[in-house]
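In structure tokens below, several structures.
You will see chain A twice below: alongside chain B first, and alongside chain C after that.
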Partner chain A sequence: MLFRQAGIFHTNYAADRALFPIAADRWMIGILLAFGFAAPLLVNSLYLSSYLLPWLIWTAGALGLNLILGWAGQFHLGYAAVMGIGAYATVHATRAGIPWEIAIVLGGSTAAIIGIGFAFAALRVKGLYLALSTLALQFVMDWVISHVPAISGGTQATLQAPDIRLLGQPITSDAGLYYVALVWCILVTSFMLNLRRTALGRALIAVREKDFAAAVIGVNSFYFKLVAFSTSSFIGGVTGAILIGTFYHAVTPEQFSVDVSIQALAMVIVGGLGSIIGSYFGAAFILLMPGAMNSLISWAAIRFGFSLSIETLAHLPQALYGALIIGFLLIEPLGLGKIYNNVRDYLLVWPFGYVKK
Partner chain B sequence: MKYLSIVAGLAWTAFTVMPATAADPMRFGLCYDLTKVYTFVTPQVAQAAKDYAELLNMKGGIEGHPVEMIVQDHGNEPQRGIECYEKLKRDGVMVFDMLSTPVSRAVLPRVMKDGNVLIQSLAGRGDAVDGDVFKWVFPVGPTYWGQAANDIEYIKQQSGGQLKGVKIAFLYVDYPFGQEPIGILKTLAAKEGFDLQLFPYPLPGNDQASAWTQIRRFAPNWIVSWSLSNMHVIASREMKRNGIALDKYIAVNWMNEIDIGNIGAEAAKGIKRGTNVAGGSNHPLIQEIIKELYDKGKGSGDRKNLEDVYYNTGLAIWSIAVEGARLAIKKDGWPLTPDKIKAGLESIKDYNANGMMAPVTVTAQDHGGGGKTRIEMWDGSKWVPQTDWIAAYKDDVLSVVKAQSAEYAKSDSQK
Partner chain C sequence: MAFAAESAGPVLQCQSVERRFGGIVALNGIDMQIERGEIFGLVGPNGCGKTTLTNAITGFYPPQRGRILLNGRDITGLAPHYIATLGVARTFQNLALFNGMSVLDNILLGRHIHMKPGVARTALYWWLARPDETVNRAAVEDVIDFLQLEGVRDELVDGIPIGLKKRVELARALAAEPSFLILDEPMAGMNQEEKEYMARFILDARDERGVTVLLIEHHMDVITGICDRMLALNYGAMIGSGIPADVVADPRVVEAYIGGAHAAR
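== the complex of A and B ==
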């Protein structure tokens, strides 16, 4: 119905290879983009700065993690550490007087270099062992930051981040910061969309499915694993830098602790491995749902007049949130992105459901 | 871009700005970690804040304005703390407390930029007592540096007025909270000539065995411990195992009646702690809360929490905040602004909430209120004060504070 395929003829290679061959997809993306760019006018500043902005940044982060986890199939439990490396490198670089545009590239590159250095050691093992050795990256980073005052910014372990300057213009308004995040998120998303139809993307998928089978057909799996690690670390590093520049305005080790790594992993898994729209859903779910549940429960408590103790009121949303994650993964183990795809697949051929079979 | 934000800002103001009326409550924002790391203290503090507000409202509020304590959970996650701050800020809250070091650090840049009052007692950066640099942050209460210095002063009193040759072990959990007092302790060791040795143990603090074996070899006269709640219980077990008497142990303020219960009330006899609030519920203020609220079934939580020293800590934090607001209304009148509240807080003088805590005097330069603490000893059933309220080595503590706040001022000016 909505996603009508009738009348779409691929008469040349470009049309055949289009990212979105179906008109409805293009419309939806157009509307979402228009909303994204108009958001500062449509949405009040609380929602803009406290929900939309972090959501976009974390989506970019989740996409970066999805590259290594969903595309290349390599576990990574230290993604927050990678983001932290990028953030610290960028903040130190800007404080040393390097323009922010160059500093984030430096931050991303530092993260990529450390990420790849770690990958050299880590990739000698596979699966759960790899997961544990990436977890080591997280703990090594935590320890280094809290024990090297030159990195952490003294005993208080907080480093004030200079304001973002683009082409010398300081960006301080909510709308300005939002656009920085939006542009980065769009960049990462289009990179990931296009990755699927490049040789690199196909090689990564081959490695994910079976690395020695990939080697048999001539894909150097070790090389592509390293590429995946460094690319995803670069995205992570820049995302970390943008998170600090637009949202936290100061960098501390706790912002990139092991809990945050687990959260990023949860975003990817709840959203769906290898799914781009799933990363958007996953980031929204993990990031915004606890707050939303909190408001819902407090609202319900006032509306229906049941009085709960402070602690129950705080724990109830957590329990509900946990139940929701379990519920969604029970309904669709492949994540929220897959739920969206199921709906889309159904509508694709509606009302002729038998076509699917 | 700038134009857009101005339009958005105008639209927002048009929606929200309404004239404040006299019946408007005075709102305080308690963004607390009620579910993850700080749960050993936050429920009691939040309960104390709510009880105190209830009691004030029964008496007509602050100078006629009802008090409202808004409690929200942030799960110790910086981004949820920021969300809580941003939301409550728009609801007209001007005084905030995060009671979590990571979250306090995360909201600090926003608080300083927006000009809202951040009460930040006992969690967050200690150098924020420097009111010249941290204009909007009020960590009323002792800094960890001041508290450590006061512990040394107590040891000095116990050792006959001099510390030459006294062996002091500093036991701490190896992350920023525990590392904080090291600098001041080293300074004091050089100055007073006592023998200081450091004994770190890793998070989460369940395994302190190696630290204690080393302490046994060192055979210290005193052990100063920077640990949190249950880590003290582990420490007491290790002390028993290593044959070290418990009365040498001076804990930081984070040790409460639950920990004593876990050690065993009888077994814990002689253990000491530094504190800025008097322990137990035998104070006029708590007795009043019991009489007016709990005896009538109107308390905000479990009655057994009233025996917990963290409840007293909460009362201390929030009675100071309320006192600041009261002075502000008295001086500059309703409606309040953050500027007025700041001025109110900075005019608090010798306030001790009816003998509940160390008297505090907040000034524009000293947002810590003097940093007085005392040493209390557990005698098997209650806490017995061992000293007066003291603030020792003020110059040394101040120089640590100044050095760190200057670092912040420098990094802030580079923005």
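== the complex of A and C ==
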């Protein structure tokens, strides 16, 4: 049908490693990219800046977390803290007059350096212990940010973020901010796509799958875990800075609290560990679901004429949302990305379903 | 193709290697010397310390006493990933492929020590990584060709039969172009035809690719058939070494193997 592998013959190794060897995939990506760039013309600005923009930013964040979780196989419960470090560093740098382009790189690097320093200590333990020590990173960062006035601007403070400026031009329009998020998301996505076909990506998977077998082929697990931690922290730091610059416009400690870490984790897990398209689905799911649940319940309450106490109304969406995640993981532990792949594999051979892919 | 072959001297020397696990003496004073271009057999009943010796050489369980030299260089106590970069490759008794990856990617991982994995190279794949990936892919295709794995190149490694998995693991080891290759029971669980194929591959690997091989094997016919020299272990101690025909005729080896029924007591 749409997807056809028949008739694709590679004549060199580079072509065999092309990102999208199947024509239908290239078409789809092309159309999505075109839509992405034309979105400010097609979508009204409320949707653009309150749905598409955060979705793109959170997708980039989820991809960064997926790098450490899905590729290198190391748990990280403090990803929001890493994003927060990048955000605060960037805001302070821009307030000090450093151009924004340089400030986000500084923010990302600060996150990467703190991430690596922390990983040096944390990576001496594995599995659940590592997960717990990353949670410690979260709490330490929370504490430091809120207790050091030089960082947070005082307790309970909100620190205004200066407008984003690119090459000296202030970016304030909805479309301009959206494009900043879009470009970042595309950059992170292309990095992750390349990871699938380079020695670095393979080494990370080797570390995740069997560290003794990785050692035997010369992979230094500790080094590659550090690389994964620092790279994912860099992505997280820049993402945090862009989230503040394009969406929140001011930074407070709660924006990067432990709940947010859990939310990022949920995006990656619901989307699918190690799945790139899954991170897009996961971010959308986690961002949209609470709102959708709310509307669904209020609609049902009116339609079927039952009334709920304020208390129940506040908690019901949360409970449904939790149940939905559990349900997902029971039915498809590899997440939405896997469901997408199943459909794609089916279409790849349709209507000859008996053909093995 | 270039082989990492230092010209003279033995490839591997073990000098009074001893390894204990708590009270168990798994290796007791092992002296072994493997010459360049040899296929060296290591036999012994289950639990006699063959895998432990492999783990001592590759750095997983460094010996508590004794020395191990590779190409004349002392490698005792070095980290496993570092020993790999010195030209030692191995396969595992219980398979250690990377699940969730294709056969091709598994073998490409064998090229790790020849590649330069990095973040910048990944980000700028088109300019910085593609030439490196292509050159190494060509080397991998050589090995795929050599071990006749073309048919399963793009299959996930999880789903292929065990005989092929063993062959993929050999391919991954050979892709590293090692000077010294350790095969830990590569024919376990294979039928006669698969065993013959594997024996052929081992001989060809030595003849065509210049690797020196340490072969751990249960089947005596394989050892006498393809090994130049051999060592027999029992309870962590050496009970015989030399030309296979002589060693298998040694009463102590016969006793360890057949359990004393045929040995004059």
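Here, the second predicted complex is superposed on the first by the 347 of 357 C-alpha atoms of A that agree within 3 Å, B and C clash if a C-alpha of one lies under 4 Å from a C-alpha of the other, contacts with A are read in each partner's own complex, and residues count from 1 in each chain.
Throughout what follows, a residue touches a chain if its C-beta (ideal position, glycine included) is under 8 Å from a C-beta of that chain, and two chains touch if they have at least 3 such contacts.
Given the structure is predicted, the values throughout are model-derived calculations rather than measurements.
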Contacts of A:A112 with chain B and chain C, given as first, second, both or neither: neither
More chain A residues in contact - chain B or chain C: B
Partner chain in contact with A:Q318 - chain B first, chain C second, else both or neither: first
Touched partner set for A:L63, first chain B, second chain C, both or neither: neither
Which of chain B and chain C A:Y248 touches, first, second, both or neither: first
Which superposed partner A:P54 touches (first chain B, second chain C, both, neither): first
Touched partner set for A:S221, first chain B, second chain C, both or neither: second
Residues on chain A lying within both footprints (that of chain B and that of chain C): none
Contacting residues of chain C [partner chain A, same complex]: 58-60, 79-82, 84-85, 89-90, 92, 96-101, 105, 108-113, 115-119, 121-123, 125, 129-130, 132-134, 136-138, 141, 172-173, 176
Residue numbers on chain A that touch chain C, as the complex places them: 12-14, 16-17, 190-191, 194-195, 197-203, 205-206, 209-210, 212-221, 224, 227, 231, 274
Interfacial residue positions of chain A with respect to chain B in the complex: 40-41, 44-46, 48-51, 54, 95, 146, 153-163, 171, 173-176, 179, 247-250, 252, 254-255, 259, 287, 290-291, 294, 298, 309-311, 313-315, 317-318
Chain B residues within the chain A interface of the complex: 1-2, 4-5, 7-9, 11-12, 15, 34-35, 39, 43, 46-47, 50, 71-73, 75, 77-80, 82-83, 86-87, 90, 101-102, 105-106, 108-110, 113, 125-127, 175-176, 179-180, 183, 300-302, 404, 407-408, 411-412, 414-415
